[in-house]
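Here chain A shows up in two complexes: once beside chain B, once beside chain C.
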Partner chain A sequence: MRLFRIYLLSALLHLKEHLIYRASVLIWLFSMLLEPVVFMMVWRAVALAEGGSAGGYTQGTLTAYYLALMVVNHLTFTWIMHEYAYRIREGVLAGQLLYPLHPIHRDVTMNATYKLLGLVLFIPAFLLLSVFLKPEFQFEPWQVLAFLPTLALAAAMRFLMEWAVAQTAFWYIETSSFNQAYYVATMFFSGRIAPISMFPDWLSAVARYLPFWLGVALPVETLLGSLTPEEVMSGMVIQAAWLAFFAGLVAWVWSRAVRRFGAVGG
Partner chain B sequence: MAPVVEVRELTKSFKVPVRQSGLGAAVKSLFDRKFTLVDAVKDVSFNIDRGEIVGFLGPNGAGKTTTLKMLSGLLHPTSGTATVNGHIPWKRDNAYLRTINMVMGNRHQLSWDLPAGDTYKLHQAIYQIADNEFERTLEELSDLLDLHDLLTKPVRTLSLGERMKCELGGALLHRPDVMFLDEPTLGLDVTMQHRIRDFVRSYNLRHGSTILLTSHYMADIAALCERVVVIHRGQLLFDGPLAQLVARFAPVKRLTVELDSADADLGDLGTVVAHDGFTYQLEVAKEDTTEVTSRLLANYNLSDIAVEDPPIEQVIEQVFTAE
Partner chain C sequence: MYLARVIGVHARIGILKDLQYRVNFAGQLVNSALGFLLAIGSILVVFRHTDLLGDWTQTDLIMLIGVFSIVRGFINLFVRPGLQAYMEGIRTGLFDYVLLKPLDSQLYVSIREFRIWSLVDLLTGVGLVVWSGWVGGLEASLFTIVLFFVTMLAGFSVVLAFWFILGTSAFWFIKVDNIFVVFDSLFQTARWPLTVYPGAVRILLTFVVPVAWAVTMPAATLAGKLEIGSLWLTLLVPAFFVAVSRIFWKIGIRHYSGASA
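For the complex of A and B:
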């Protein structure tokens, strides 16, 4: 009950903060929206040049893939790792550590409110692009039903993974290179540059076990029906295993990080 | 009654990289990194009883803030022990964090963009303060700190002093038993320093809370703290009443005399530290005070004389420079 009240109030505060910086939030959201649209246009052009399909995707299914990915990536991404070093350096974390509350809760609500706010832009963008670009969605009820838990697992798993990566800021002053390495890996393996079915078979098989693909493309491919029910089930099991691993990792790293914390900036 | 704060041989060392200037040294450090251990706090021990306001004195880098951060659970010590309210601070139990708070003059817990009142509501939820108790405490703090008009304005639009008042208000909403105040009057004008000081004193009297305070303004310490703990280069130099610190470390007395002459030569009596018209200020060795006073009375036409300790700032400076 206490945590629920904290989440509610904290979400309200973050929503107010986001609304104060509405122009900035809008620009960020647009840039998030542009990335999948650009890749979608590129792959549509490739499919057209190759006689109507590329890597087993038609123009219509590519559009459906990237439109779904646009929304899923928005709902699962975090930006914590990009500001963690700042929080430590400027003493923001020291202030948060004085509360009888783990700082991770603040990030949960900050993320959730940003995602909700973003949907105000992403849903109309999804509908508008659907009208003009004619995506080929073939929804089976089980795909929609399975999509929701894969999305929830993807969001939780990716949040904990990126929170754990953010903790490198306790050991290194300069973390942007780590963040960039993570960004490159996630771009490549998550299916954002291209659906991983376009990769060589062995690489595609490896990618299906990695948290990058499981955090973005698994829900997308589940929704689109590119996977069999068995593949979706095994994907969810691997997602759950990674989730448990990252939860443990966060707890383990955090217990060491607070011991190492120099409480600078104050 | 057991002390609220018990600190025993508390030590905190930081591993600091050592690097010479120049490109060659930078390349060499890639293969042969050198570190040195810096003792920010070394073997510091003291107790604080419930309801005490203790001033923590020391120059920049003395280890004051590091000690406060260890006691508030932000830092793990390298060695030594401490208990506050029966808890080991760096274990960071929620039960402990509910009973304390730390206010840092140059840092803030309030949301920069929102009115303080909004963040206060979140504090209420985090500390599980009942509605009626929250209203009562907020009303009391608003009266004491004159917050009424400030709570609805975004924090970033407030002046430094107004912000500090809001920070203090927020930090005390859960009525902590123990407060660590690190430079709470930093950068504030004299009037605002007075307000904060008055508030801290009245809050301590009302609630019997224990306060450990650092400040560069000796006026804060002199007004609030009967007892001071002096720390220098990480080590404890003195722990006792402020008056005793002056008695122990000030080797001189300051005599302010008003004569009938503006050009008297008092150089043979002591060091003339100020001279303005008929008023002279002399510093004389403590043991010579009686004799110098007698000579002044015998040889000059005095209209006034005052014998005082030198200003506390000067005493503190002497303590640190002597070390």
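For the complex of A and C:
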């Protein structure tokens, strides 16, 4: 109950904070929106050149894939690892440590409110692009039902994974190379540069076990019906396993990180 | 001559400054290498499913990525740091000193900073262009090569002018650091040839946000895809954007009233 009230207050606080920086938020959202659209255009051009379909996708299903991915990626991404070094250096973290609550809770509400706000841009963009580009969605009821838990698991798992990755900032002052490596891995394996079935078979088989694919493309492909119910089920089991693993990792890394932390600023 | 000396002095100061932070060189190397891995990887995946993207082959696209990183290196070498310093100056009032210099303020802002490690991107770009030309059995006439340098220069001026158009808004809005995120996200479109995009978007990426155009043109020239009929654009588009950025800058300067002093 107490935690619930803290979450509510902190969500309101962060919502107001995002609204103060609304111009910046709009710019960031726009750049998140553009990336899937560019890759959609590329793959549509490929399908067009190959007489209508490539790798089992038609122009219409490719459009549907990337439109869904655009929204799902927005809902599961975090920017924490680009901010953590700054927080340590500028003493933001030193202040946060004074609260009788794990700082991760603050990030949960900050992230969730940002996502909520982002939907104000993403839903109209989704509808507008749908009108012009004519995606082929074929919804079966079970796909929509299974989509929601896969999405929730994806968001929770990815949040903890990226929070754990962000903790490297305690050990290294300059984390940009590390973040860039993580970024390249996600781009490849989460289905953002191409649906994973476009990769060589052995690579896509491996990718289906990695948290990158499970954190973005699994909900997308569940919704679009390119997975069988069994594949969705096993995907959810692997998601849950990674979720447990990253929860443990966050707890373990955090306990060591705080011990290393020499407060800066104030 | 005088101008060359001024540029030389600023470049030297910039190099001396960056040489203090030699570890950044390693960081830049890693970041560039990862960037290329991603770019080349995406091209390889695309070409598992097709032989031609528009009328671009795989080697043509690697050449395009080469030009892309040359342009990106150019931006990070002095355009981005220069404009960032200028914006900081607007906020702190240090821009006053820019106006006091006996040199055109727009010119001074664009040559003032120099980040030598960004040469990594630029040189790898050159390497990729040469390598893909060699692998693709490119036989370029002297005319093509001259044309390549002309289009490359056109691309540089368009991108520089576009950065200035974005950056000049700082005269009114003061804190607009995030405006460069707009450029970075639009610049992603330049990783692929213009022919990938549907007609209306292509026109947008040529005449409104000419970033993809600036990269496609030089690569198309070298790959022998440039239609001579569209050559007039090579002069017109940069001329237009440079003129607009110049006028905008002049209006902005008049609006500037100093922040501290």
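Note that in this section the second predicted complex is superposed on the first by the 265 of 266 C-alpha atoms of A that agree within 3 Å, B and C clash if a C-alpha of one lies under 4 Å from a C-alpha of the other, contacts with A are read in each partner's own complex, and residues count from 1 in each chain.
We take it that contacts are C-beta pairs under 8 Å (C-beta built on N, C-alpha and C of every residue); 3 or more make two chains touch, one makes a residue touch a chain.
Treat the numbers as computed from the prediction; the structure is a model and nothing was measured.
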Room on chain A for both chain B and chain C (clash or fit): fit
Partner chain(s) touched by A:P149 [first = chain B, second = chain C, both, neither]: neither
First (chain B), second (chain C), both or neither touched by A:L9: first
Partner chain(s) touched by A:G225 [first = chain B, second = chain C, both, neither]: neither
Touched partner set for A:A54, first chain B, second chain C, both or neither: second
First, second, both or neither for A:W28, with chain B first and chain C second: second
Chain B versus chain C as contact partner of A:Q180, first or second or both or neither: second
Which superposed partner A:P103 touches (first chain B, second chain C, both, neither): neither
Minimum distance between Cα atoms of chain B and chain C in the superposition (Å): 8
Contact residues of chain A, present in both the chain B and the chain C interface: none
Partner chain A, residues of chain B touching it in the complex: 14, 65, 69, 72-76, 92, 94-95, 97-98, 101-102, 104, 106-109, 111, 113-114, 118-119, 121-122, 125-128, 182
Partner chain A, residues of chain C touching it in the complex: 23-24, 27, 30-31, 34-35, 37-38, 41-42, 45-46, 48-50, 52-54, 178-179, 181-182, 184-186, 188-189, 191-192, 195-198, 201
Residue numbers on chain A that touch chain B, as the complex places them: 2, 5-6, 9-10, 13, 16-17, 20-21, 91, 94-101, 258-259, 261-263, 265-266
Chain C contact footprint on chain A (complex, rising order): 23-24, 27-28, 30-31, 34-35, 38, 41-43, 45-46, 49-50, 54-55, 174, 176-177, 180-181, 183-184, 187-188, 193-194, 198-200
